[in-house]
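Dropping the structures in below, format is structure tokens.
Okay, so chain A shows up in both of these, paired with chain B first and chain C after.
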Partner chain A sequence: MTNPVSRREFLNLLGAYGGTSAVLQAGAALGFMPSSSQAAEITLQANNGKKVAILGTGISALTTAWELTKAGYGCTLLEASHRPGGRMFTVRSGTVIDEIGNYQRCEWDNDPHLYFNAGAARIPSIHSNVLKYCKELEVELQVFVNESKTAWVQDDAMNGGKPVRNTDYSSSMQGFISEMLSKALGDSQLDSSLTESESEILLSMLRRFGDLNEDMLYKGSTRAGYGSGGFLDHGTKKDVVALRDLLKARNGGSVMVTTQEGTGSGPLLMQPVGGMDRIIYAFANRLRDRIKFRAPVTEVMVRGDGVEVAYEQNGVTEVLKADYCFNCIPSHLMSGIPNNFPTDYSEALNYIRRGRAYKAAFQAKERFWEKENIYGGITWVNAPIQQIWYPPHNIHGKKGVVLAAYNFGGANYTEMSQEDRIEDLLKHGEKVHPNYREMAEKPMTIAWHRMNHMLGCAPRWARDRGGWSDKEEQMYETLRQPVNGRHYLIGDQSTQHSAWMESAIQSAHHALADLDQRVRSEPA
Partner chain B sequence: MTNPVSRREFLNLLGAYGGTSAVLQAGAALGFMPSSSQAAEITLQANNGKKVAILGTGISALTTAWELTKAGYGCTLLEASHRPGGRMFTVRSGTVIDEIGNYQRCEWDNDPHLYFNAGAARIPSIHSNVLKYCKELEVELQVFVNESKTAWVQDDAMNGGKPVRNTDYSSSMQGFISEMLSKALGDSQLDSSLTESESEILLSMLRRFGDLNEDMLYKGSTRAGYGSGGFLDHGTKKDVVALRDLLKARNGGSVMVTTQEGTGSGPLLMQPVGGMDRIIYAFANRLRDRIKFRAPVTEVMVRGDGVEVAYEQNGVTEVLKADYCFNCIPSHLMSGIPNNFPTDYSEALNYIRRGRAYKAAFQAKERFWEKENIYGGITWVNAPIQQIWYPPHNIHGKKGVVLAAYNFGGANYTEMSQEDRIEDLLKHGEKVHPNYREMAEKPMTIAWHRMNHMLGCAPRWARDRGGWSDKEEQMYETLRQPVNGRHYLIGDQSTQHSAWMESAIQSAHHALADLDQRVRSEPA
Partner chain C sequence: MKKLMAPTTLFLSVLCSATSLAAEGDIGVAAAMDDRYCTTCHGVEGLGNIAIEAPRLAGMEAWYLKRQLENFRAGIRGKHGEDLQGNAMRPMAAKLSDESITDIVDWIGDWEYVPAKTTIEGNVRQGRTAFQACAACHGANAQGNEALGAPALAGQNDWYLLTQLRNFRAGFRGSHQEDTFGSQMVTMSKILRDDQAVINVVSYINTL
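On to the complex of A and B.
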């Protein structure tokens, strides 16, 4: 023991944020804490008969078109694919997954509950703008279950490879953490550094947090349910998973923070009833024939007085002329489309890299997870499939769609045949659920970096998680300014926080506010 | 520092459960961990034309009647109240709260979403028998939200009395716990006690758990959302709530274990769509005229060949003769009804005390919590109201019913007038939501210990949480045996784990299994 918590360090910890607390109190006196993201009120006032070309139909493009249409602008949306929505994509009976070299048509039962959100899948309660549009467009929402304590943690290295319930992992880990910390602090430490009331509250909190016994020791918990009895007979605790064994699970960090995965996921999560693309079609059905499908853009020329966009339709090249252009075509694809962007703008577009997310799902013959007391949530598997999700909706229904893989890095799935991908998800899944292979009907897979018109998943800006380089900052600022005051780049690619719908919408609002300023100052 | 974690202690912690891990692996090799409560298969085979009197219509009584009816037994249920369900009670437009001295009729809007589960409100995913009946009787379920990180924690002693978001409390507390523990363990400690891989995993887990920086220090987290920016501009962290301030919240333990409240609540929680009494009416509608309402029992006599139950109906005393009797009348009320139970049985009945739970709710003019990014979950208030719950259903609807108080001990509410109760919930609630008073329409309150035909809430057996005395064990066993093989006490009062529907159902199954044995061995 060379580096325990010294009394000085503990006092520092107690004191370090004293000033901050004062700030909080001052803020609190004025009212309440600000939300992290207030829903912006977009108020476009003048349209002066302007026309806008919108490239792509991701959520940023649809938001743009919807707000412009409400304000009386003329809009045309060009979409290369047969469907709107970009990376908001729901797979159900009849859906085509247009992966290059791996075309799939979904042949699941035709049932509104049987769908798979192959892209965006969760709406955090603090994503105010997404929620604002769901309310405005009457998209019915329901609670999404991200964490289930009855779901499993599986790692070949832990417990002989057999799965452990999330609660057996997390209750024990909480218990050991609490026990270790209460010992580390020690009675006299607390007596001397804390007031009596503070000591009491800290120990009481640690005791409840870890479910410790009266001696502040972790001896197992019935939070996970009883080993036996508990209702009619006295309940016995389940066996404790040894700390040493818990430490073999290499995905333990994920298990302990499931509800906080990613920055946006700490809050409650929701999903649209029937699939994430309910949001897309809520917009698209209102925009109707303003959207041209199978209309890939072939050239974007920014002129002094507007924008000319060439696109193909039915084998013929057409030209769309507009006063302004809002563009959410993925940057790495846009780089390959002839344009007359300034050099620094092109360089910046070229810079953004893309994630390689892979997902898979199947229709389950029966809701086998409910027989294991699982009703939604995530099973963590230390294998390339990484996660298994169970549907939180249609409880006790006949079938359900299980997300059978969610890999953020793409792993080796790119090169795998569809057969090998399916064998991979079955092989790892049956370590958790013995009847998995038998239950899995018609697996579908999607490698976003091979999807037609996409060839990549979420944009990646910063070189590493540590932060942005000066060069990246500069490029980002370049792309935030419209070319000639005419061409706006939108989508999560022009935000700091990619892969979330909220970001894409805020990028559209940002560009719309700029447009509004310009149009107001122009003659009609 | 007199009592830090010594290396020996840490090694003990690592080693203490080695045997257990071996047990787990042995168990795992045979298949998977047992569920804490498998749904029992009730298979009553013989009925021999027997008739059963069932006293009360709590869920144990309804379960009994349903299983007996399916097996061909004749059943009659006697209910003192005008409604079935006992402590499964949903208040909505038109519902009468039959509290003695505080009769209330609910005049909320007539809308299926506007209801208040005044008794049981949550179904844990491990309560297999409740779920089994929901499935069998086609009661539609939806996810219940118990924990919301965007809900509030309020304590007059913390942050000047202004509320703090749950996530600001719990993210910071997790951070400080992780930081303190990682310091306490120290680098060389880890090096010497753990393998390199174990150290790495423990530190990585603590780092993720606490959202620590690279130096293993807690410097705030964006898990709670950003202080500013985050989508278009770089996100800033919110101010950290000082540890010393966190320790002023006397309900911190509850905040840190919201999802594990009570033994049964660690798992996902569900609720029936439209109110908990959907389960009650699913039974009652199938049992129809077998139930006699406003039929209070006035005498229970156990005979050698059956049971005679006297009850009143329309001012007339009737006698119901049956071969067997299943009785879920609350023990402290049954004690006052003339009977010929053996002395030890009567003593045991007399012994069971009752909780004094108090709840309140109002119809909110608008779903004001959604404007604060709250979509369900619990706000913790360190005042007698204790908790505020927001409805997780009908997201973005017009109104909603807010649970405005949930006190397990009854506090002083028993003696308070309805006016004072309402002022109490408004006064504390508006510390959290400034517009609370204006939003609250038609508050309803319920003190279970004053409810007609109830006069108490959940039964309490053990003298304290520490365990059961020998005398209590003996009394419990006495009540588990039928009087003369004819009279069965059922309900959560004859279980180890009161206040849960699962317990009541299991008590019924236990008694039914005993009955089945007896009937099989009797001549027809």
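On to the complex of A and C.
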């Protein structure tokens, strides 16, 4: 590769002068640690005889049912699908993916290591309530490796389309960023905003962060591995990848923040041994007789003294009468189910939009990535497949399941045929791993927008990227209040941080606290 | 693709022994095996779902449903990049067998016709005048006319009628060369001068 660009070129390239000092000033305003997250203590008043109808079996519904059952309430769960768990869905040998117009049955080898978390896959360490239930219900957890420096970064525009190791990308990028910042520190404007000792500490941090030399220049780093040697012989540094070459990759932002944005936890994430649905089945096995499967709700009527829920089973309509109802049916599906909710409540329900997400996976004939020194983590591809994940479990086993695509929002996978989806993932994957096509057995795909009884990935409240409008905040509050003190909407749809299991569980806790308070204040 | 089962067994789902993984026990491992998916999007008994933008199916004529399902399947409808709702529907129908289409159309025929709620307000009087041209095919009461291939419009979700008229006018629907009836609508919809005229005519249909 060519020589790195000069500092001047780099600064010109990014127009970085103003930007850099702005970032530093913003940084000076921070300095607060978020309070550590604690699992909730649920202490419901023991209750015998109250009946509760729970609609759907998402994690929020199962949490509700579990807590209420422990407290002595009589719960019935109605689930439209043949399986519990909604968006916590694991695909393995025999699993049916009930995507509308794209029914698939998984024919992978029957082996507990060979599974694909088609929905939720990762648990951050601050999601205390998810972790609390894993502990309580004895769901075994293991570490999930989200970032591997030996995984790849690929963009057709960079390095002639040949993949670059994550470490080559990230070490060099860190080096250049540090070099640029340390030089900007000499700038009088910036200098004046920092004390001498602050500058000194910042500089020493930058030197380590970027692996800069004595002159505060980036001249390559052994972090990127050695060009040759390194064990029996002296290691030689690899050539520096030119900044200009790195800047051809448009997915660099993802590479640099793989440690998970927005979760507040580091690269350490967790997963249940054997698949995310182990959590679901830990609940469901304890509640088993209370769950009715293939029982779609067809009407919800809130009355003065309770709730009447109609559902269909084996072609017959039944009515369930209960004192209370907890409902995690996705809002966009609830809009198509007759109900007598107040107008403002219905309007708020109809307002929420559904996000798109697409995942795909295959069973690999061999653990080919291990031969490339990869044992987990994510390869970033600048194509609609976006990501390739390698299983961090069962290292050196015979086969493994590779996540071959994970796309949020964009692309047209929802509309694509299964054949086209498979060709697409193979075509992009083989730019990274030449033997990919040959290694891929029985790819499975899932477009959440077409999943029966879900039709979406995560609820989307804010229409504007800038944040929630006042009207949205108001509608959200409307949905957080129970209708008539009887009907509670739960699930990540009634939280302000959707697409997390933790949010869904906390929505249940919020509703349970409200119910408990009402029950306690009832005359004995 | 899925084989359609004999009608008598359609409601009984086939149990497949999904997996031997013990933790799952025997719960929730069966899968329904027919193509009766419509209500997930189109609402209970096909009453329509505004949040999905999926229109009311209850009350739609069997012949019209069949033709549209076949058009979606063949990519005659729902392929234009700007026909967003059609794009969503097309893949759902892409793999349907003839038997499945017949079964679905029969099933929909069982649903009770409930006129949709009104959500659009325009100038009904002007809409009424414009509707005279529509009435030639769709009938004076927008009750539809099978002989002319024109479906009923009365009672349909007004937001759906609006989208479809806009799509016809823009050529997002009806431009496929094999879409005989759709192309007639592309021509006819141009009678409506502007978007307000479209809103007006839909408002008038709401009164029928």
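The rule is short, and it goes like this: the second predicted complex is superposed on the first by the 462 of 524 C-alpha atoms of A that agree within 3 Å, B and C clash if a C-alpha of one lies under 4 Å from a C-alpha of the other, contacts with A are read in each partner's own complex, and residues count from 1 in each chain.
Methods note: a contact is a pair of C-beta atoms (placed from the backbone, for glycine too) under 8 Å apart; a residue touches a chain by one contact, two chains touch by 3 or more.
What you see is a predicted model, and the numbers here were worked out from it, not measured in a lab.
Participant: In this superposed model, does chain C or chain B come into contact with more residues of chain A?
Facilitator: Comparing chain B with chain C, the partner touching more chain A residues is B.
Participant: One more residue to check, A:A411. First (chain B), second (chain C), both or neither?
Facilitator: Once the two structures are laid over each other on A, A:A411 reaches no partner at all.
Participant: Give one of first, second, both or neither to describe whether A:A508 is in contact with chain B, with chain C, with both, or with none.
Facilitator: So A:A508 meets neither chain B nor chain C here.
Participant: If we overlay the two complexes on their shared chain A, which of chain B and chain C does A:L349 touch? Say first, second, both or neither.
Facilitator: It touches chain C, and chain B stays clear.
Participant: In the superposed arrangement, which partner chain does A:G315 touch: chain B (first), chain C (second), both, or neither?
Facilitator: A:G315: touches chain C, not chain B.
Participant: Could you say whether A:M439 touches chain B, chain C, both of them, or neither, answering first, second, both or neither?
Facilitator: neither
Participant: According to the stated criteria, A:S93 is in contact with first (chain B), second (chain C), both, or neither; which is it?
Facilitator: In the superposition, A:S93 contacts chain C only.
Participant: Touch test for A:F293: chain B only (first), chain C only (second), both, or neither?
Facilitator: second
Participant: For A:H332, using the defined touch cut-off, is the partner it touches chain B, chain C, both, or neither? Pick first, second, both or neither.
Facilitator: After superposition on chain A, A:H332 lies in contact with chain C alone.
Participant: Which chain A residues lie in the overlap of the chain B contact set and the chain C contact set?
Facilitator: On chain A, the chain B and chain C contacts do not overlap at all.
Participant: Spell out the residues on chain A that touch chain C in their complex, using ranges where they run on.
Facilitator: 79, 81-84, 92-96, 98, 100-103, 105, 110, 112, 274, 277-278, 281-282, 284-285, 288, 291, 293-294, 296, 298-299, 314-315, 331-333, 335-338, 349-350, 352, 414-417, 449-450, 452-453, 455
Participant: Mind pulling up the chain C residues that touch chain A in the complex?
Facilitator: Chain C reaches chain A through residues 1-2, 11-13, 16-21, 23-25, 27-32, 37, 39-45, 47-52, 54, 87-88, 90-96.
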